[in-house]
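In this document, chain identifiers A, B, C and D correspond to the written order of the chains, with residue numbering beginning at 1 in each.
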Amino acid sequence: MKRSYLTITIFIVVFGFLFATNAFAAPKKLVIGHPACLSGKYAKAGEQAIGGIKACIDWVNNVYGGVLVAGKRIPLEYKYYDCESKKEGVTSLIERLITVNKVNVVFSAYSSGLTLAGAPVAERYSMVYMDHGGASDRIFQQGFKYIVQTIGPGSKYHVGTLDMIKYFDPKAKKVALAYEDSEFARMTMGGAEKHAKKLGCKIVFKRTYPKGVTDLTPLLSDMKARKPEIVVGGGHYEDGQLFARQMSDLDINVKAVSLVASATLPAYYKALGGRIAEGVMGPSHWEYGVTFSPKGAKKVGLDWIGPGQDEFVSLFKKALGKDIIPDYHAAEAGAQVLAYVKAVENMNSVDQDKVRAALGKLKFMSFYGGWDVDDTTGMQIGHSMVDMQWQDGKRVIVWPLEAATGKLIYPKPKF
Amino acid sequence: MKIFVRGGDFIYKGNTQETLSESLSEVFSNRVKEEKMILTLLAGNLIHGLLLGGVYGLATMGLSLIFGVINVVNVGHGQFIMVGAFVALTMFTVLGLSPVIAIPAALIIGMALGFFFFYTVMRRLIRAPELTSLLATFAMGILLEEIAKLIFGADFRGYYWAVGKITLPITTIPMSKLYAFIGSIAIALFLYLWFSKTRIGTAIRSVMEDSEGARVCGVNVSWIHALSFAIGIGLTVMSGVLLTMFIPVGINPYMGGGYTLKAFVIAVLGGLTSPYGAFFAGLIFGLIENGAYTLFALIPGVAPFPLTVSLAFWMLFFLLLVKPTGLLGK
Amino acid sequence: MALLKLENITKRFGGLVAVDKVSLEINEGELIGIVGPNGSGKTTLFNVISGVYTPEEGKVIFDGKDITRLPAYKRAPLGLGRTFQIPRPFSSASVRENVAIGAMFGTLADKVTVDDSLEIADRYIDLVGLEAHRDKASGDLTPVEKKLMEIARALAMRPKLLLMDEAMAGMNPKDIDDMVKFIKRIKEEEKIAIISMVEHIMRAVVGLAERVMVMNQGAKLVDAKTEEALADPRVIEVYLGQPTEQSKWRSEVWKEGKGEDE
Amino acid sequence: MKKTLPKYYPLIPVFAAYLIMFLIGFFVPGMWQMVALLAFYCALGQSWNIFMGMTGYVDFGYVTFIALGTYGMSLGITYCSQYEWLGIGIIVIGFILAMFLASLSALLEAFIALRLRGAYFAIACIGINEGLRYFIEGAKIWGGSEGLIYFGALVQALGRDTVNQLTSFWADFSVFIIAALAAFLNMHYMRSKIGYALTAVREDEDAAKVMGINANKYKTIAFLTSGWLGAGVGAMAWGLKLGYVYPGDVFVIHYTVECIVVVLLGGAGTLLGPVVGGLIYGLSKYWLAVIMPGFQLLIFAPIIIIIIVAAPEGVVGLLKRRLKGTRLEMFIE
């Protein structure tokens, strides 16, 4: 009898403890909140983003000396939780970040879906919500006031690629589109289709495949039968590997293959055992080897902030404690930190509405490239993409010509 | 309008302007060409489907065996396939051994895992309501995923086993796929002989039929339970190796989930309790999966890939209702 | 008018004819025994009456209504109660709840609330003498207690006709005598007709039923007064097999035969 | 009448728990979303428990109801927001649609349950869930895999402030209501003929039929109730609150598993179980996300296994056994 009361009491006490809020955020700090995807289906991108953010915060605090507000240098702090790549986690964690940790800005979780899930909460608390992982244009048609995008819109990914191929081979006509059926890849496909038609190409094949696909053989056989010259497609990591691998299995030799997301990652070449990856191209927001520099910024008349590329990479490695090369997820997230710092300094205030207004007007350049958003919707318009190609196990930037680190191999070598 | 829909534009929908600009004769000749092409495609896809089906079949045998003997649906099935994939990957990339050698290694690792999970967890759940066993196997799957993530990271990996390919008039087949198929058939055949010719195989079959009866006849039922679970897991892990011979990329800790659902469909097609049924159902499933894609692609305005997957699940659903003993069952 | 009337019931399982053209009439308040060896089709016949099976041929008429194709759950509210050979209690529920379920969905289904049913249940639990086990989970009862509980559950349905499937199988002679008395008593008190199925405990049959129907290989062999029926040479042959072994079997069977039905 | 009231005593701790959660969420700043998350788990557990606890069927495809509920709300808002005079009525329409879709799939599952049991039933329900998801994607209905995004439409129809209120308070509040309603219905069913009938059917369906119980009717009642509640949670917690839906995000079996974990932690078939389970699961998940981001699942998986093996009756089951014969007994069910 007594023990049962005791059991119940213990339960209540434990619950009470778990409910209790913990420490308040210390003043005189700017806190960046982030419901990160550390586990679940976006774990890979989540890890990269955390690394990128940590690296840039490190740079701001230790190299730059802190954010200059009202004549004082204030350090940045980073507070992140794991949302498990799930929408329920995002909403509750964002609220916790805003109310308990008193963060000054919220970074979105990876993917368009999770970005959308968190937006209403941020909106309710009138909190600047910076999106480095949701590429869907539709996010910005919902009337959210506090959202700002760093990642370029999905529809632009393959535009440059097609321009490049037209530049090198004006006769190439037959284009095949095969993308993953995800928000991001569909945007890319839409953009690519429109642009290909504008360039006078004929689209001989257009299909999507679902997420998590394990065998593309039927789709690729179909594509082979349509005899395309240029293949653009992809979506995420695993299907990008599968795509090239099974194209090789089926001996589909075309003049150019460009895959979004996966092809640009270092692991890609290794996973395909090298040879198959040779000549495969991929568009990217940022790639190790892109040469954006303060000098370049001056040339186009933009402010420069942040570490140089090599500095960023070493800070990134330090932040994660692992010897991995940052990819565009890291660069995006990192650049987002710099954008926030820039906006706060421009306004000389941390007030949410003012910062949001400043972000709307902000134009600058960093190691990530240009940054400029549409003032009303918050959509990214200033960032341009690069195209890279695997050549002898190295990622060579082949487009745009002014950023190129090597010459395009065209047509690509046979599988 | 009708003509255009019939003959013109199978490839993509909604682009009527281009279609309209084509002359009628062109449309007609296109139609003949198109039909011939579709038949070629179908034939090629069916060959690939058959090859893949063999691996699917083997990958499902473990699930059926475990359900047949201890009446537990292994919801973490796919995660054991993932373990197999990592075994193959590690042996190839770190030790430089061909996947053929990884097959027995995977069997041993899988059986060890099987015995471990049986004696720590499953033994206590055999007579429990299915709710608990479903959840327990699911939790095992998550555990494997997270451990794999801890060891290998969340990267998508792959390996390249260069053994050439053969080119047929209708399609190209990489040798590694062919080896995987032959391997699957050999293992299934071996298992069949083992089940029917050896004492212990007979004991397993008797427990499957009637565990009480077998107990009365002096079969050590709890040992058979443990052994069958271990063999089931061993088979599953082994099939993971064969699967990487088929699709040697995209290996990552979270790759298993999709295979679990596929294995369910196949196991049900095969009657859920019969490993051989599962093997043949795997072949049929492979054929349907690849064949249906080609046919669905003819319908304008739909996405054939998800429709194929959807078809598989509706098939499972109706089959369960109409004939729970499976396509090949009595 | 007969309470239950079976007309040429035939039930087949594949090629096997389990019940072969059986006709039977039972009047209100009558107690009749159905006797037959293992596999003679008694349980199948019970299942046809209670609606578990639908016969291929023939009619089941209960209380003037043709119920041949009526699902089982619609028969109970008409006044058809049943017990099972191997008791089938709702194990996780208590004795009281088990019996109350009978009251809730039997002939009183539309008239009683849950609380009423529990009260009715208490009455029948007292009647069968299980007061001490009222709140025990029914799965924990002994086999004999389970039988009693099943009878209480069936009685709580307030049936007009009660089908008792091997009520006495597996009991010792004293329990059988008690049970016989008990069945007779409830027949009088509750004013219901009872069909009791007995495999080969002749002791029970003799004491219990005024009338018996003997079945063999699915068909009706004899339908007569108990003494007459049991004296019938055909019955003796069916039951006792070859005359040479007659004496050896007779004593065993008459005293305490144990029966497991099909 | 005297007897009827004490029968509902076990609801007291359940409602008390919900009330405390609500008050904490309402008055402690920054707790609302977390409390909403807990309510989400409790409501799901509670609704799923009606299905499983009362019929004994393990519905692995339960998330279908939640997903269809989400779709109902999404379709209602997407297609009705253009009619300005409807005002807040679009949410009512969405809710009705959600209930309608859930009813259809509940009837379908009840139909399957006539023929299949145990693992076969579980797999068939998974089949429906996946089949539906890929059908939506493949046939491109309801926006196909592109889903529906309608936060903007909602803002246009109802104004920004109303929408802020709706998404960040009323949606969560309705989840509380649904959770409490689920508990009440669960209790009410347990204490009425439905509960007795389903107990009988669960234990021995053939015997139950002979006792006069229309097994299919009662099963269908339980399926429908459970489906409606699940769809209600989906419509509110996902449909209204998030303002978007992708098929790949809602038809996810993982959520069913979460329901099961919640129920099993607390105690399957009990009334208080899902509440306790939801609290334990939600809180520990939330705090693990906060304290050790990235390791929740690694910690959770073995814990689940240990609980299944060591305490299959769950916390409330243990508590019930402890409290047997004490005055507190009547509060725990």
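Just so it is clear, contacts are C-beta pairs under 8 Å (C-beta built on N, C-alpha and C of every residue); 3 or more make two chains touch, one makes a residue touch a chain.
Keep in mind that what you see is a predicted model, and the values were worked out from it rather than measured.
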| item | value |
| --- | --- |
| Closest chain to the centre of mass proxy, which here is the mean CA position | D |
| Most distant chain from subunit A by Cα centroid | C |
| Contact-richer chain pair (by C-beta pairs counted) among A-B and C-D | A-B |
| Averaged-CA centre spacing for the pair subunit C and subunit B, given as whole angstrom | 52 |
| For subunit A paired with subunit B, centre-to-centre distance based on mean C-alpha positions, whole Å | 34 |
| Inter-chain centre distance, subunit A versus subunit C - centres from mean C-alpha coordinates, in Å | 75 |
| Between subunit D and subunit C, distance of the C-alpha-averaged centres to the nearest whole Å | 44 |
| Overlap residues in subunit C, where contacts from two or more other chains coincide | none |
| Subunit B, residues touching no fewer than two other chains | 146, 303-306, 309 |
| Where subunit A touches two or more other chains at once, by residue number | 39, 43, 181, 208, 210 |
| Pairs of chains in contact (touch as defined earlier), listed by label | A-B, A-D, B-D, C-D |
| Subunit A to subunit B touching residues, read off their complex | 39, 41, 43-44, 47, 181, 203-210, 212-215, 217-219, 221-222, 225-226, 237-239, 241-242, 245-246, 249-251, 262, 267, 270-276 |
| List of subunit B residues in touch with subunit D within their complex | 67, 71, 73, 120-121, 124-125, 128-132, 134-136, 138-140, 142-143, 145-147, 150, 261, 264-265, 268, 272, 296, 301-310, 313-314, 316-317, 320-321, 324 |
| Complex contact set, residues of subunit B against subunit A | 11-12, 15, 37, 40-41, 44-45, 48, 52, 146, 149, 154-162, 165, 167, 171-174, 177, 247-252, 254-255, 257-259, 289-290, 293-294, 297, 303-306, 309 |
| Residue numbers on subunit C that touch subunit D, as the complex places them | 50-52, 71-77, 82, 84, 88-93, 97, 100-102, 104-106, 109, 114-115, 117, 153, 157 |
| Parts of subunit D lying in touch with subunit A, wherever the complex brings them together | 24, 28-34, 36-37, 40, 134, 137, 145-147, 149, 151-152, 155-156, 160, 163-164, 167-168, 237-238, 241-244, 246, 248-249, 276, 279, 283-284, 286-287, 289-290, 293-297, 319, 322-323, 326, 328 |
